[in-house]
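The following blocks contain the structures, represented as structure tokens.
Shared between the two complexes below is chain A, which has chain B as its partner in the first and chain C in the second.
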Partner chain A sequence: MPRINSATELEELRKGILSKRDPNKPCIAICAGTGCLALGNDRVISAFEEEVKKQTLEAKVDIRATGCHGFCEKGPNIIIYPEEICYIEVTPEDVPEIVSQTVLGKEVIDRLIYTDPNTGEKAAHQSEIPFYKNQMRHLIGNNSKIDPKSIDEYLALGGYSALSKSLFEMSPEQVLEEIKKANLRGRGGGGFPAGLKWETARNAPGEEKYVIVNGHEGEPGAFMDRALFTGNPHSVLEGLIIGAYAIGSHQGFIYTRHDSPQLRNNIAVALTQAEEYGLLGENILGSGFNFNVEVHLDIGIFVSGESSALMRSIEGKNPEPRPKYIRTSVSGIWEKPSNLNNVETWANVPQIINRGSEWYTSIGTERSKGTKLISLSGNIVNTGVVEVPFGTTLREIVYDIGGGIPNGKKLKAVHFGGPMGGSIPESLLDTPLDFDELAKLGAPIGAGGMFVLDEDTNMVDVTRFFLNFLTNESCGKCVPCREGIRQMLKIVTNISEGKGREGDIELLEEISEVAGAASLCALGKTASDPLLSTLRYFRDEYEANIKEKKCRA
Partner chain B sequence: MSEILLQIDGREVEARKGMTILEAAQSAGIFIPTLCHHEKLEAYGACRICTVEVEARGRKNLVAACVYPVEQNLVVRTRSEKIDRIRKMILELLLAHAPDAFALQDLAKEYGADKDRFEKEASFCIHCGLCVRYCAEVKKKNAVGFVDRGTRREISFIPEIASKECWNCKECFPLCPTEALQAAFVLTKALFSP
Partner chain C sequence: MDNARIDRIIDKHQGEASSLIQVLLEIQSENHWLPKEALERVSEKLQVPLTRIRHIATFYKTFSLIPKGRHEIHVCTGSSCHVRGATRLLDTVQDLIGIRPGETSSDLRFSLETGNCLGCCALGPEIVVDGKHHSKIAPDNVEDVLKDYD
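Moving on to the complex of A and B:
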């Protein structure tokens, strides 16, 4: 690969890549995301490769193993370009027919397209399938258009033009200003304005500064970050390099999971390719800006996704949170200013630079801008990775995109934010997706895991599930968290088994007040959030279990 | 060293930059209870019994006095209804594990903590980490450490190191806030029934 030494050379390279591409050449984009692979899509990929070889079509048809398309429920998914025909639940046996009928014959195979279970209407294209058409897929939408292992395909979509623009047309201050104006808020859970965090790290004393991608995503029911990072690693990397430029950092870290080999591999390939092109390393694009990235893997502990624990882990220590009375953006890894953002936050950066903060702030609500990735799961017809603009109501997500509740059941609640989140009852389903609105209701968005719970769900059991998760995943260092969760789990277990006593609810509230106020890190401080939100909206279930000595739901 | 003026329980207290609230309070003779603190060791912030209320720039917060750095004009309250409630609960949670520990009983009297509030799970260890940290930071031997996490976390001696180092040292034993014999028991267990 040639090294690119200027913005002009980058554009020339891009032109070269595009000129070699025929937009009318058929391409079979096969989802190789985790869900589809588990459903056997590796066999579908092999079948396509064999079939294309058999019919000697190698020069006429492209096969692309891509990241997650999003519609996990109906996997294995494939999309045939240029017509953008979506086939769902594809098996290796369907492959010869798809190649001859659709790829060559340009005919749609009826049995492989989506049928709306309610209306019976068929939909052949992404733009017609309700799951896709009601979304705004600015971040995840490119997954099906690129091979994550090919930097050229990312460049073909305009990749790294935002980096080039930042380095050559903008000062670091201007980049920072643009991110601040865009009001980009952290997607990892806190919703803290990324621009302000960047500014703190930038202004913090010290030459050596770090930028970090938090790609840990340990929350049960959250799988959107790995879908994005595995499927489009360069979008995250480009955001990171731009952030480093704005902050004045020359060393970045990617902290991610040891147990996702595909993700690790795609990140490693992306870093190597970016380095070979001179988009990473010394003198990036000939601008004089130097920036290197190291990958660190977790050891399978939930709390290592907490920012201070993550930074200790990078230092090579136990991933135990430390008190953050001095912000990590001032004193983080090795006590140097360390700016940590989540995968999705970084991926938002290139589009803000390319299209401007004005465009970005036109999407979303007054205080929550842009789109949000959601991992939709639970009692829902369409499980999958969803991207919607902030302001979309929860009802739209559940019914228009999610297709409603399976088996004719009624919706009971929507749970956000996993073990440190909260549940919202059906009556509040018209609430818009918004950091502050949801936090007010006791169900902060968190990272974006959204569990849909039907009428058969016992909310006491939901709380018990999360508390049980946390007794294993707390680091165990501080008393209010370790001991508080231990006792809360005992009491909730008793209540759910019909052994609850009068006064249990009050005791739970007392423990949760202490854990919330006195714990060392956010895990302990918010461990009782599922409990508090279910007590807020479903207190009668706890009371009934205690009074009637049984479970009512 | 620059002087910092702060207020603790209505008293003006002078402190140096880099001191914690606990150190500033101690230097002024103001008592804040601690369980995991030791002056020879790096502040740890695990037991949370030293939780105090601070007010800075108009915002009130509950913080751990042993790790929170002093600031100019910081207003600290070491007792309040809420602080007492937190300390009482922390003691009750710990008394389930070490009901006979003198250090806990003395504080329990002060804060009205009921040692029988939670079902006993006597492990005698309250995870203050004094033995672990003393061995690592002062003795630099790492003969005792924490294993596992969450509610399964416990201390354990490393037989290979402990068999060489511990019998002639045992300096961590008297540090244990619950029962010195506890460490002896865990040590013996590590060495003779691994």
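Moving on to the complex of A and C:
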């Protein structure tokens, strides 16, 4: 690979890549995301490779193993370009037919396309399938268009042009200003404005500063960060380098999951390729800017996704959080200013730089801009990764995209934010997706796990589930969190087993107040959120359990 | 696990004390558990006190200080699998192999783990045996699946 030494050379390389491509050449994009791989898509990939070889079509047809397409429910998924024909639930046995009939013969195989279970309507193209049609897939949409292991494919989509623009046409201050104007808010949980955080780190005293990608994704039911990072690692990396330039950092860290080999591998390949092209390392694109990245793996405990715990983990220590009054943007890893953002937050940066903050702020609501990735799971017909503009109502997500509730059941509640989030009832389903609106209702978006519950769900049991999760995950360092959660779990368990007593609800409220006020980190502070939200909207279920001494477990 | 293999892993991380967790993680993933001798070797090579290593090795549930079985069964008990019937599934697995999560059967055939959403919510409830996913599985079919692993 040649090293690229200027913005012009980057554009020449891009032109070269594009000129070698024929947009009409058929390409079979096979999903190699976590879900589809688990369903055996590796066998589908080999079957395509064999078939193409057998028919000596290597020069005429491209095969691409891609990241998650989003529609995990119907995996193994494939998309055939240029027509964008989607086939679902594909098996290796279907492969010869797909190659001869669709790839060569341009005919759609009826059996393999999506049928709407409600209307019986068939949809062959991505643009017609309700699941995809009702989304705005600015980030995740590129997953099916690139091989995550090929930087050239990312470049063909315009990749690294935002980095080049930042380095050569903008000062670090201008980049920072653009992010602030875009009102990009953190996607990892808090919704904190990224621009302000960057500014704090930039203005903090000290030469050495760090930027970090939070790719821990520990929230149960959340899988969108993985889908994006595995499927399009360069988009996150490009955002990170731009952020480093704006902040004045020369060392970055990627903190991510140890238990996903594809994710680890794709990140490693992306870093190597970016380095070889001179997009990473010394004197990036000949601009004089230096930046290196190191990968650290989490060890599968939830609290290590919390900012101060994550930074201790990168230092090689146990991921125990520290009190929040010391801000990591000022004093983080090795007491140096350290700016941490979520995978999705970083991935938003290149498009903001390329298309401008004005374009970006035209999407979304008053105070939540852009799109949001959502992991849709639970009692829902279409489990998968969804991307919608802020302002989309929860009803649209559940019914138009998610296809509603399985087995003809009614919806009871939607839960956001995992163990530190909250549930809201069906009656509030017309609420728009918005950081502040949902927080007001007691169900903050969190990282974006949207957990759908049907009428058979007992909300006391849901609460017990999350409290149980947190007792296992509390690091144990501070008493209000460790003991508080344990006691709340005990009482909620009693209630759900029909052993609840009068006064239990009041006691729960009291403990949650203390744990919320006195815990060291956000885990303990917000551990009772699911409890409080279910008490707010489903108090009658607790009361009924206590009064009737019913076991609902 | 012999010292040469451990040394190789340590050397890969330039023998730096700050890479302790990464080193332990690699030993765990190659060897499936952390023998006492391995920890001693790491302590000596990285110049980190054994007490600190044990502190870390016991803190994370990913690390195991006891040997693991030949086959690792993972029952996902994440939120989505939970509402789709993971509890009954787990009960069935426990009944069949006679151990609880975190344990290893005395014949070293199986180890059982739970928790940790694997991000495959579309496939739930599921059990994963040695990395292979058995998706949307009913408790009645578990016995059939486990038969193939001995």
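Observations on the model:
Going forward, the second predicted complex is superposed on the first by the 550 of 553 C-alpha atoms of A that agree within 3 Å, B and C clash if a C-alpha of one lies under 4 Å from a C-alpha of the other, contacts with A are read in each partner's own complex, and residues count from 1 in each chain.
As a working rule, contacts are C-beta pairs under 8 Å (C-beta built on N, C-alpha and C of every residue); 3 or more make two chains touch, one makes a residue touch a chain.
Because the structure is a prediction, the values reported are computed rather than measured.
With both structures placed on the common chain, the touch criterion links A:V514 to chain B but leaves chain C unconnected. In the superposed pair of complexes, A:P389 makes contact with neither chain B nor chain C. When both complexes are overlaid on chain A, the residue A:P530 reaches neither chain B nor chain C.
Once the two complexes are overlaid on the shared chain, A:F465 sits against chain C while remaining clear of chain B. Look at A:G422: by the touch rule set out above, it reaches neither chain B nor chain C.
More residues of chain A are touched by C (comparison of chain B with chain C). Contacts of A:I301 after superposition on the shared chain: both chain B and chain C are touched. When the two structures are aligned on the shared chain, A:G191 is found in touch with neither chain B nor chain C. Counting contacts as defined above, chain A residues 301, 472 meet chain B in one complex and chain C in the other. Taken in their complex, chain B has these residues touching chain A: 45-49, 51, 62-64, 67-69, 82, 85-86, 89-90, 93-94, 96-97, 118-119, 126-127, 129, 146, 148-153. For chain A in complex with chain B, the touching residues are 301, 303, 322-323, 325-326, 470-480, 482-487, 490, 510-511, 513-514, 517-520. Those residues of chain C whose C-beta lies close enough to touch chain A in the complex are 17-22, 25, 29, 55-56, 59-63, 78-80, 82-84, 115-124, 126, 133, 135. Listed in rising order, the residues of chain A touching chain C in the complex are 34-35, 38-39, 72-73, 75, 217, 219-223, 226-227, 258-260, 296-297, 299-301, 313, 315-316, 318, 375, 377-379, 383-384, 415, 418, 449, 451, 453-454, 457, 462, 465-466, 469, 472.
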